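One structure is given below, encoded as structure tokens.
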Amino acid sequence: MDDQVNPEAFFDSLSLAHKLDNYFDGFKLEEIHLFSYFSSFLYCYSGESIGTWPHRYTASNGFPFSATIYTAIKRHIQNGLFENKEEYYIISGRGTDEFNKFKGLSNFRSRERILNAVCTTAILVPYSQTVRALLNEPDLQKQIQLENGSWLNQMSFYPQFKKISDAVGIKANDLMIPAIELINSLSIQK
Amino acid sequence: MCDQQEIVRNISDFFTSKVMRAFGGKVDPASQALGIIATSLKDIYRYLEPSFFKGDIFVCKDFNDKTCYDEAKGIRLYDKNVLLNYSDSLMIIQVFNENSRMLLWKDQDPDKLLKRKKTLVYHFKANKECFFANGTKIDVTIHDRGSRFADQFINLSRDLHEYSASKIRKSSCSHFFQSWAEDDRIFFRGGGSGSNIPEKFMQLSLHEFLSSVSRGISISPLREYNTMGNEAKPKPVDIMIQWREANRIALIEVKFIGIVKKDSDGSIYENGDSRVNEGMRQLKDYFDRAATDNPRTLIKSYLVVIDGRRNNVTVATRTINVADGMHYENKELVIDEDKQFYKTMCNFEEPIRMFAEPICR
Amino acid sequence: MQKRYNFIKLEKVILRNFSLYKKNGKVCDIDETINAGVYCLAGANGLGKTTFLNAINYGLTGIVLEPEKTVYSPGEIVKFNHGYTERYFKGRIVKKDEKNAEIEILLRVNDKYFRIIRSFFERDKLRLLEIFSIEGNTKIDHFESKNKNPKELNDHYQQLLAIETGFINFDYFVFYQLYVLTFDENRRMIFWDDRASSQALAIAFNSEPDDAEKILDLARKMEKHESNGRNARWSSTQAKKKIEELMPKNKDRKSSDLEELEREFKILNRDLEKAQKVYENISIEYDTMLKRQSSLNSEIMQLKTAHTKLFSRYSRPRAQLLENTNIQLSIKKQECWLCGAVGSYIADNIEKSVRKGACPLCNTAIDKNYNADQDKLLKLIKKNDENITSKNSELDDLTQEIEGKKTDLDKAEIELKKVKNRVKDFSEDNPEISFKGTGNKKIDALIEQYRSQYERADKEAKEEYAKRDNLKPEYERLLKKVESSYREAETVFVPTFKKLAKSFIGLDLQIQPQRNNRLIKLVLELQNTARTESFQLSESQRFFLDIALRMALAILLSGNNDGATMIIDTPEGSLDITYENRVGDMFAQYVTTYHQNLFMTANINTSQLLLSLARKCGRNNMEFRRMIEWTDPSEIQKEGEYLFKQVFDSIEAALNEK
């Protein structure tokens, strides 16, 4: 009961839930992990080192899985911030209130930029295609095959993606553009 | 790596890249504008169904949030339900960084808008949508009807087709499976009032499927099948779907055609095209009633026809061959001209015929 | 691309005049044809099975490894083992046979056959070297041995074999043959020895063969520099001590001829003092900044920990009410557990009460202060958040300043050095001015000696450490390449290892590379356990897992159609019967599924290992040879003859089963 809750996991899961519900009428819990994994790639793109991203992922049941995110989601469910609709979850009114309380915190602002970019991407590139592309990420696929419990390594695909992004040549500080490029690169991976 | 070249080309052809390139050096504000327009459209289309539009809708974002027209002549949108009032005419909506702020203009000249620099403009008309970026028109239409940003009815349609392929075709649903009289699935089970009516299982089947795959909807609980259906207590539509966060209702009527073998005495009777036409008429009635009861709700009607027709079948038939079993696989329904509402009314989807295969020996 | 090697396949082994093997009192020649698959030599204890293995490895490499646990790097093997090699066969071959005792080996690598004859007492010479291939019925020679002396023959053998196998040089072939592919009676385990494992991995997971050599070389050099540096540092400290002991209190000593020089000297010293002061001051400032940086980092970390605690408290669920099973069930089933009412409003009503902080049953206010408490916590969280942000920005500014200060420090150091050099030069030119001596010439000279010793040692220490530090980036880079090479190979290596390990130990194991300090090693974990739980393996389990790892490595590295030949000497530990069976399975898999070869010796006992191996392999894949044909049994062994026969018979039966 007394697991420590990681503040970034608390915020990330709440923010993603809020947006996924808002734009797509609901979310499965594994989709939160998936979009968190998506966000970590953009974190690298923004110039940070992946070692400072607060979540690590393994492959579980075909999806990325982060223990910190899992603990945070569990709390949110227990506190009534997420509501169970049998086949999927939605964010409750209280959940939206809580999210609004926290989104102004200065340390979360840079995170919010990234989370916003990944969710908006799923509007512009249709949602089902976004999910399919993310599940197609090569390192995730490899770890699903190996069943070796290793940490997912974003740096495996990231250099390839960076090369593609540089070749496309749109220079942006805004993260939505690289997010869309990432989904497009993953869609065509064999 | 030719793979990489292909990927780069694909990305460059994607509409977001085209928008960025059209704005040359101003990628960041353009990207921000695109994001805000996308999320705003998601919101706006909760209240409007683009495939029902008769007019034009423009949604724009100025990079510096300068108003595109005189603010005094515009309407500040607090309650987006008012948009329904204007869906037959021209609407120009401007969105801002502050996401609670939206301005609407009705009688302005859109050309002025399209000539603006540092403004990204989205346009939807007659089921075609595009962006105007710095004078360049970029088409983004991907659906026959409606918008890629309003996927409520589009997803429902997709789900119904998925249902047809995955559950009806090979009778892979435990509920639907019970509507057959025997294992080979030549005859439907039947016999008047009582519990063994195929429609009941079909509705249950569709109900369950839609509950499990669709998000954000609530499906009307199943009511007792009222076979008698008199004037005082008319039978309600089979399935009514309401969107939790969007102003939409879908009416689904489930009919089946094929041969029914009565449980009681083994005699058979046939449901054919007349049944379908009857269904169409009923659906129209439901629609009219629903439209009267909910004048400001966006309603779409779907007729789902489960097709179990077989060729050369008599009361003595026990097995069926491929030729006869699959005879109707691609035979379209014949709908009376006066019931082809889907041709003239955007609130009606073309009937969805779901062919159910028998076991052919 | 993962580098692959072309491992050799033994075809024939002939021992001549090897006194150890006598039949009916006469020294007999051994002539063994080695099949593909499993070649198993069984014999009673003490008959010389291990010697046979050692002889074969000797024939191939010219080396018998001394029975100690150290795993040497390729370049060091000969140096540390040639003495033992030379002594080894003296005990096993009588004097009169020495000249004629020799081993002949026919081996195949790729499409070439190598036939060599090596004397047991001239480890670096070959009596014969033939290299040929066979096309149809014709033998095609690839090597001209005329006019070459035995030493040259050996050199050519080493060069050409290295080329054919793909190893960067013969030493690497020896490393692999003796340490990785051979599991001998010393039970030297590679993967539980950090250094050995690091070496084996560096050699295996390198896409460029030179890199392995470079890594090992760099590691050696870095160790050497570090040790030199330490020694030099110690010397310099010693010298300094001596100087302090001898240094007297200052005594004035004036001489009128030297006043001019003394004045100059005074100025130089003043400059020196100034430069020293500047340097010291900047050094202190720099030091203070570093300390501030360190304490800021620690403050930020504390704030972050507090942040986590606050979040945990904030999100602690309102346990009592929501977790009550009746309430949960009611909400889920939409049915009140108390009155039985059914409806979708049930859940809403219950939740409303809970949210209001009142008991749904009796309406007593619970946790009246909940909302107020939450607001307080939220305020704290916000405040904490601001603190973290401001400290982070302070840290960013400080880091920039530190960079600037470091530049200043370096400049000051250079300046100080310059002035010191000027003083030194002056002192050397004018030794009588250089210091106020003791007046005692002898002691002054001694001090001078120690002083120069100190300066030399200090300089050397700095240089050695600098040399070590210079090598670090390249070493890290190469080690990273090994890691990424490993990641590429993972897709083949990990499933192979897991399969072999599972067939032996029956558990799903996971294997990860781990970096610590300067080494890489492979770490085993049990699947589905928390990472921090260690799991216990017995000694025997460890060594068979070591074998499984080597097998997986050999499978990964086999290039041509022939697999590697793993040599295993009496592979029995204190395993119980079920494990013996499984080892047999694991070996059989190695041979039948992965098309590798196994050359093993075994004791004659009721071990399940041989039986299950024979059963799984069958005659087509396994040859079972009894040493009894080349040796005279001892009395004890004669007594036990019928027992031996039983064992042999059951193995023959098992071979026939498949």
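We just call them A, B and C in the order they show up, numbering each chain from 1.
Rule of thumb we're sticking to: contacts are C-beta pairs under 8 Å (C-beta built on N, C-alpha and C of every residue); 3 or more make two chains touch, one makes a residue touch a chain.
Everything quoted here is computed from the prediction, not taken from an experiment.
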item: Centre-most chain, if every chain is reduced to its averaged C-alpha atoms; value: A
item: Farthest-lying chain, centroid of Cα atoms versus that of subunit A; value: C
item: Cα-centroid distance, subunit A relative to subunit B, in whole angstrom; value: 29
item: Whole-Å gap between the CA centroids of subunit B and subunit C; value: 62
item: Chain centre separation (subunit A, subunit C; CA means) in Å; value: 36
item: Of all residues in subunit C, those that touch subunit A in their complex; value: 307-312, 315-319, 322-323, 351, 354-355, 378, 381-382, 385-386, 388-389, 487, 490-491, 494-495, 498, 508, 510-512, 525, 527-528
item: Residue ranges of subunit A touching subunit C (in the complex, touch as defined); value: 1-7, 10, 72, 75-76, 78-80, 94, 101-102, 105-108, 142, 145-150, 153, 156
item: Contact footprint of subunit A on subunit B as seen in their complex; value: 3-4, 6-8, 10-12, 14, 16-17, 20-21, 27-28, 31-32, 34-35, 38-39, 42, 148-149, 151, 211-213, 215-217, 243-245
item: In the complex, subunit A residues that touch subunit B; value: 22-26, 85-88, 116-117, 120, 123-126, 160, 163-164, 167-168, 170-174, 176-177, 180-181, 184-185, 187-188, 190
